[in-house]
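Next up: some structures, all given as structure tokens.
You will see chain A twice below: alongside chain B first, and alongside chain C after that.
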Partner chain A sequence: MATHRRSGINRRAVIKGATATAIGIMAAPMISRAQAKPIKIGMPTILSGRVAQLGTSSRNGVMLEVDKVNAAGGLAGRPIEMVIRDSKGQPQEAARVARELVNSDGCEILIDAEASSGAFAVHEVARDLKVLCLHTNSETSSLTADPKQRIANAFRTCRQGIHDSIVGGAYAAKVANAKKLAKWMTCSPDYAYGRDTTAQFVEYLKHFKSDVEVVSEAWPKLFQPDYTEVITKILQTKPQALYSCLWGGDLTSFIEQGNIYALFTQTETFAVNMADYTALTVVKNLPKGIHSGNRYIKTFPTTPQNASWADAYRAKFNEYPTNWSWQNATAINFLAAAAKKANTADGAKIAEALRGLTIDSPFGSNGKLTIRAEDQTLVGYAIGWGTTIPTEPYVPAVTAGDWKQIFELETAWKKKNGYL
Partner chain B sequence: MRHSFRRDMIIGAIAVTALVLLPLVWPNKAFIDFTIRGASFALFATSLNLLVGYGGMVSFGHGMFFGLGAYSFGLLMQRTGMSIPAAFALTIVVTAAVALAVGAICVRLKEIYFAFLTLAFQMFLYSLVILWVPLTGGDQGLRGGIPRPSFLGIDLADQRQLYIASCVLLVGGLILMHHIVESPFGYTLRMIRDNATRAAFLGVEVFRIKLVAFVLAGIFGGIGGVIMSLFVSGAYPEFANWTMSGEAVFIVMLGGISTFFGPVVGTVILLLLNDVVTRFTEYYGLTLGAIILLFALGLRRGLTDFLLDYWRRSPWVLAAAKRGR
Partner chain C sequence: MDIASLVSCFGSAACVVTQVTSGLIIGMLLFLVAAGLTLIFGVLKVINFTHGSFYMLGAYFALTIFKLSDSYVLTLFGAAFGTALVGLVFERLFMSRVYGQNMLMQLLVCYGFILIFDDVVKIVWGAEFRSMGMPALFQVPPIFVAGGVVPPFYLFLVGVTVVIGGLLWLVIERTRFGKIVRAVAHNPSMVSVLGINTGILYGMVFALGGLLAGFAGALAAPVRSLTPGMGFSILIESFIVTVIGGMGSIVGAFVGALLIGLIRTFGSVGFPLFTEGLMYLFMVLVLIAKPTGLFGKEIA
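== the complex of A and B ==
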């Protein structure tokens, strides 16, 4: 009995100590400086699990810009205080955290740094609570394109699937014409994103080059560790070109295992998600000549502003930014510009100012980014394709996509889907 | 029996009244959200305990009914435009029908085979949700919000009214489940758990009793899913994934399986832990893992099991028992 009691006290002391330390360590960086009447911005994102690295890079992107905005006086004089919480990538948690951020923590604006289904869950919270919400990571086009989804207080400050498909299709068709690539194969992860993105890429590839034939498809499972059977299938099919929208750890595993079979010297490879530092810096023996869309790369846009932003990020966080970093940084940039324009930090008035707003940005295709008024989504961002080399800067030159062409085909796509 | 049911009803009425009045005294939006989620998980976990605690059937696939409830309710509301009570009733019918079909195959098996077959069926449903994109939206879930038209003057789009509805469903569900486990049926179920062969010799149709328990548990699990789909105004594949079953098993273990209210206590503990821990750290898994270790090594069973045991062993109760003897 006595031993029991003693061990109980010890345990309690240990828990207390551990909790206090944990709170101290974890809370310190999340609470930015609080001055008179700060404006709280809530941000649910994925900080644990398989894509935690991307969630952390979202937080980094936001904090880099928040520090600048606060140094310049905050949102219409009110310093920004970020409240960033982990949703673990679960939509019901994302909804719960978003509600809590607004209802209990007094956040007046939400930055939704959730992926796919989590973003739609937060979107519903924004619809319910009528709070200004900026989606920063969901690339699903219907989130803003579908009028049924649209609400006046939600915006998107990131790239989206349809833009990527059009640019990818146009670029791949150009390469295919030059190198006479007619026999294609696809290899993408077997879930909605993989299937949709691949179908859309092939659609636009054929739009620009009608004699292309997809002779075989491989659908590895999401998070599959071994790609031998897929690689064997590709080697047997002997396609002239290969398209893949594998990403993250799946892509790096696939590249490394494909290297063993010298896969990438035998077939022209188009891996849309290659040019992101999370993949580029991780893969051993990055093959030369893999075509990729730009996720985030320091060399594109080829401006000193972009390069110095990447360097500042790297200096502060000791790693290169990701695609999610620039998108979240952009959200803060837009909030700051809109608050300045409206001369208030009021959510509804900022929303009004955001519609159609153009700002200077290192991530713009011509140094500018715009929130298109009609569907409240980001356009004019740097988008293009290039080829890899094994060492830094990994993708030395990127061919920019044509925004005029994107707008034309996007409108046609919207009409086809009944969105217009 | 009638007496105990009446007593349950009176306690239930008091509980609902207290829960409904509480926000008037203490208007806290976080508490309202917490209770709605709590109602969803408590019904879900208690329904699993019907199988685990009373039937000795450890199901690893119970999340399938949670997901099924959320998806069928969400789809009915989005696609057919029927009223909420109608969609609710139809969801119960759908869940019961699926539980009947799945149960008819699963409950013939015992122990690990039962556990894994239920898991297999859950993963089948999960794959269906992921792959049937035109109907379910695939991994994006049911988007665009679930319409919540008012009925009988009740507007579930209003969080306060959803809170009241959730409390009523929670208390009503718990009363019904309590009545089930205290009925002769419930005692037959316990007998099967303890010795199925003996029960069969006594003339109990073991298969039928287990199947009925499986269907009932499925229905209440589905109601948990309906509440969750109303809370998030959508349905997502995660609801049907094995992790959801894992969560329920965890709640039941945390709260305890030998008391009726164990899973409710477990739900409150888990949700509180979740909400508090994620506030302070992203190392949620690590913290929660450490707490599970404390439970496993320190208490060696669920909280209510531990408390019950502690109470039974306390000198006061022992002395009373001795006096009684």
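== the complex of A and C ==
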């Protein structure tokens, strides 16, 4: 009996041991796989319709950097897997897609590559689901400036309207002083972006040069095919300078049609959205001397890092990067740096690490970009204005904006709006 | 509202010259598209909602032909006849199946093809906007007439359109083909009893409509951005033109297009915030005063 029992115990012990070993062997790769489980990053953006270029160039910017990050080991050892979906440019669709990416697809981080209307919708999803969210394309300042909007898990890694207005106003005033331009006219698309941006530009232009007078305004509708009536109105008004925030195909139409009236030889033109390759490479007869803000241009910042980034992008996607490309690439750069700093891919801990983080970047005004801790938004990026020439490099020299001045006037603007 | 500017504009020769010529430019392109639309309606009694897509195709054909040949004359003819061919094939294979059927059925076929043509353009030429560029011949400074600015390209555009309008009128009013077309518009079964193949005639009318729209697209290509869906806005304005001029009337389309062009240019001086609305307001007034349109009685 005792023998039996002993041999029974022995047999059981052997079986137990064998089983344990077998489980151990089988489990071992599962454990190591679990450690390298990819981290899914969801990205709602506009991939169809009239502004599909926003989505495709955002995606390209992201993928260029994701490949580098994954080659270097991913986010704290976890390779990044992007899940990119089309919102068709509709805010409700953007919100639905964002929610689905988190709830159904298991994305742990969101890159919100929507235009402003969609960005505010995705922002609410991020607030609700408490998922780390990086806004990469919305330039509407209130998204991060307004404390009512602010949440601990949402950041912005792109330029914004107020910074552009201050730099644009300062630059335009300098040119206006030098060339004695007092009589101005504006011509911008008739919707929220066009109206707000124009008003803000004029406000800062007048801040720096008080004797400027806006004698007339033209408000062509968005996606208008023909600008003849607007152009002839400008010719009648004979302003010394013209401001426009037309963009994309509307801007190129306006330039081509203005050309045949020799409009740009008669008035000093400030078109904030001209210096982006989407417009520069399409216009067939780009006039010399149009003033523009930098959107993305290979020549600014004038560093080998920036030029080689543009070349690498072009080699891979067979087109030049856009403003959206660098902003989305920046989001990935910041995620990688924050994950390294926090040594984890956990969203909340990355968010903590992002606040106040400074990284080396080809897009920084002095080679560095910072996420400002107080409002979780990007500062220190390359921002400036220059003038066009008809052929590459299109905008050979860009005058950099002064970040000290931007910070001062931005603070005043925030106080005026009750954000501080 | 800026009535003072409008009054002072009428007081200055320079302003009147500039605004009238730019009104003509806007009007003439509209006329080409609206003429085809109204012709097809007059004869076939279908409203061709794909007409804006023909204009778009004309512009994209122009883009490619100009790139390959660098000849704007070849571009104009190539784009026009290419689009005419598309019109003919579209009519023979698809539209001819829905004649006399429920209006909704025709609408459905047309709407389906608007989407298909847009996607074809995306596949062939890409989704981003494109630009053809001004032919070297017209890259010259504008001419000044009484202080008003007139770009040479627009002079050419208006001249060519007036010639085409005249030819169209001659063909419809003074030739045997035109006589048959007018007869078909009036009574198709009688014409077919006389031994005339109405099917071929319908195809030809559709091709002629496509030719005009394609030509308009090629004329617009040097100065307008090319995007998939660019046909839609011109379609809406062409409808306004045909409604004002009277459905089926080519003379009506001409007058309607001119009026819309002038309303837009002088409207932008006098009513800068209501230029679009002005167009619709005018259409409403015409419809109240004369529900068939200004030349509504006349058929093709």
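Simple rule for what comes next: the second predicted complex is superposed on the first by the 384 of 420 C-alpha atoms of A that agree within 3 Å, B and C clash if a C-alpha of one lies under 4 Å from a C-alpha of the other, contacts with A are read in each partner's own complex, and residues count from 1 in each chain.
What we mean here is this: contacts are C-beta pairs under 8 Å (C-beta built on N, C-alpha and C of every residue); 3 or more make two chains touch, one makes a residue touch a chain.
It should be emphasised that the depicted structure is a prediction, and the values quoted were computed from it without experimental measurement.
K.L.:
Is this a clash or a fit when chain B and chain C both end up on chain A?
P.N.:
Aligned on chain A, chain C fits beside chain B.
K.L.:
Once chain A of both complexes is superposed, is A:96 in touch with chain B (first), chain C (second), both, or neither?
P.N.:
Touch partner of A:96: chain B, not chain C.
K.L.:
Touch test for A:272: chain B only (first), chain C only (second), both, or neither?
P.N.:
Touch partners of A:272: none, neither chain B nor chain C.
K.L.:
Does chain B (first) or chain C (second) touch A:88, or do both, or does neither?
P.N.:
first
K.L.:
With the two complexes superposed on chain A, say which partner A:371 touches: chain B (first), chain C (second), both, or neither.
P.N.:
Neither partner.
K.L.:
Applying the touch criterion given at the start, work out whether A:140 contacts chain B, chain C, both or neither, answering first, second, both or neither.
P.N.:
first
K.L.:
First (chain B), second (chain C), both or neither: which does A:52 touch?
P.N.:
both
K.L.:
Once the structures are superposed on A, label A:191 by its partner contacts, choosing first (chain B), second (chain C), both or neither.
P.N.:
The first partner, chain B, only.
K.L.:
Tell me which partner A:121 touches in the superposition: chain B (first), chain C (second), both or neither.
P.N.:
first
K.L.:
Contacts for A:219 in the overlay, against chain B (first) and chain C (second): which applies, first, second, both or neither?
P.N.:
second
K.L.:
So if I take every C-alpha atom in chain B and every one in chain C after superposing, what is the smallest distance between them in Å?
P.N.:
So the smallest C-alpha to C-alpha spacing between these two chains is 6 Å.
K.L.:
Output the chain A positions appearing in both contact lists, the one against chain B and the one against chain C.
P.N.:
48, 52
K.L.:
Please output the residues of chain C touching chain A within their complex, sorted ascending.
P.N.:
It is residues 9, 14-15, 18-19, 22, 25-26, 29, 127-134, 138-139, 141-142, 149, 151-154, 220, 222-225, 227, 229-230, 233-234, 264-265, 267-269, 272-273, 275-276 of chain C that touch chain A.
K.L.:
Quick one: in the complex, what on chain A touches chain B?
P.N.:
Of all residues in chain A, those touching chain B are 11, 15, 18, 22-23, 26-27, 47-48, 52, 85-86, 88, 90-93, 95-97, 99-100, 103-104, 116-117, 120-121, 123-124, 127-128, 140, 142, 146, 148-149, 191-193, 195.
K.L.:
What part of chain A is in contact with chain C in the complex they form?
P.N.:
Listed in rising order, the residues are 48, 50, 52-53, 217-219, 221, 223-226, 228-233, 235-236, 248-250, 252-253, 256-257, 259-262, 278, 282-285.
K.L.:
Touching chain A in the complex: which residues of chain B?
P.N.:
Chain B reaches chain A through residues 28-30, 33, 37, 130, 133, 137-141, 143-145, 157, 159, 228, 231-234, 236-239, 274-275, 278-285, 287, 290, 294, 298.
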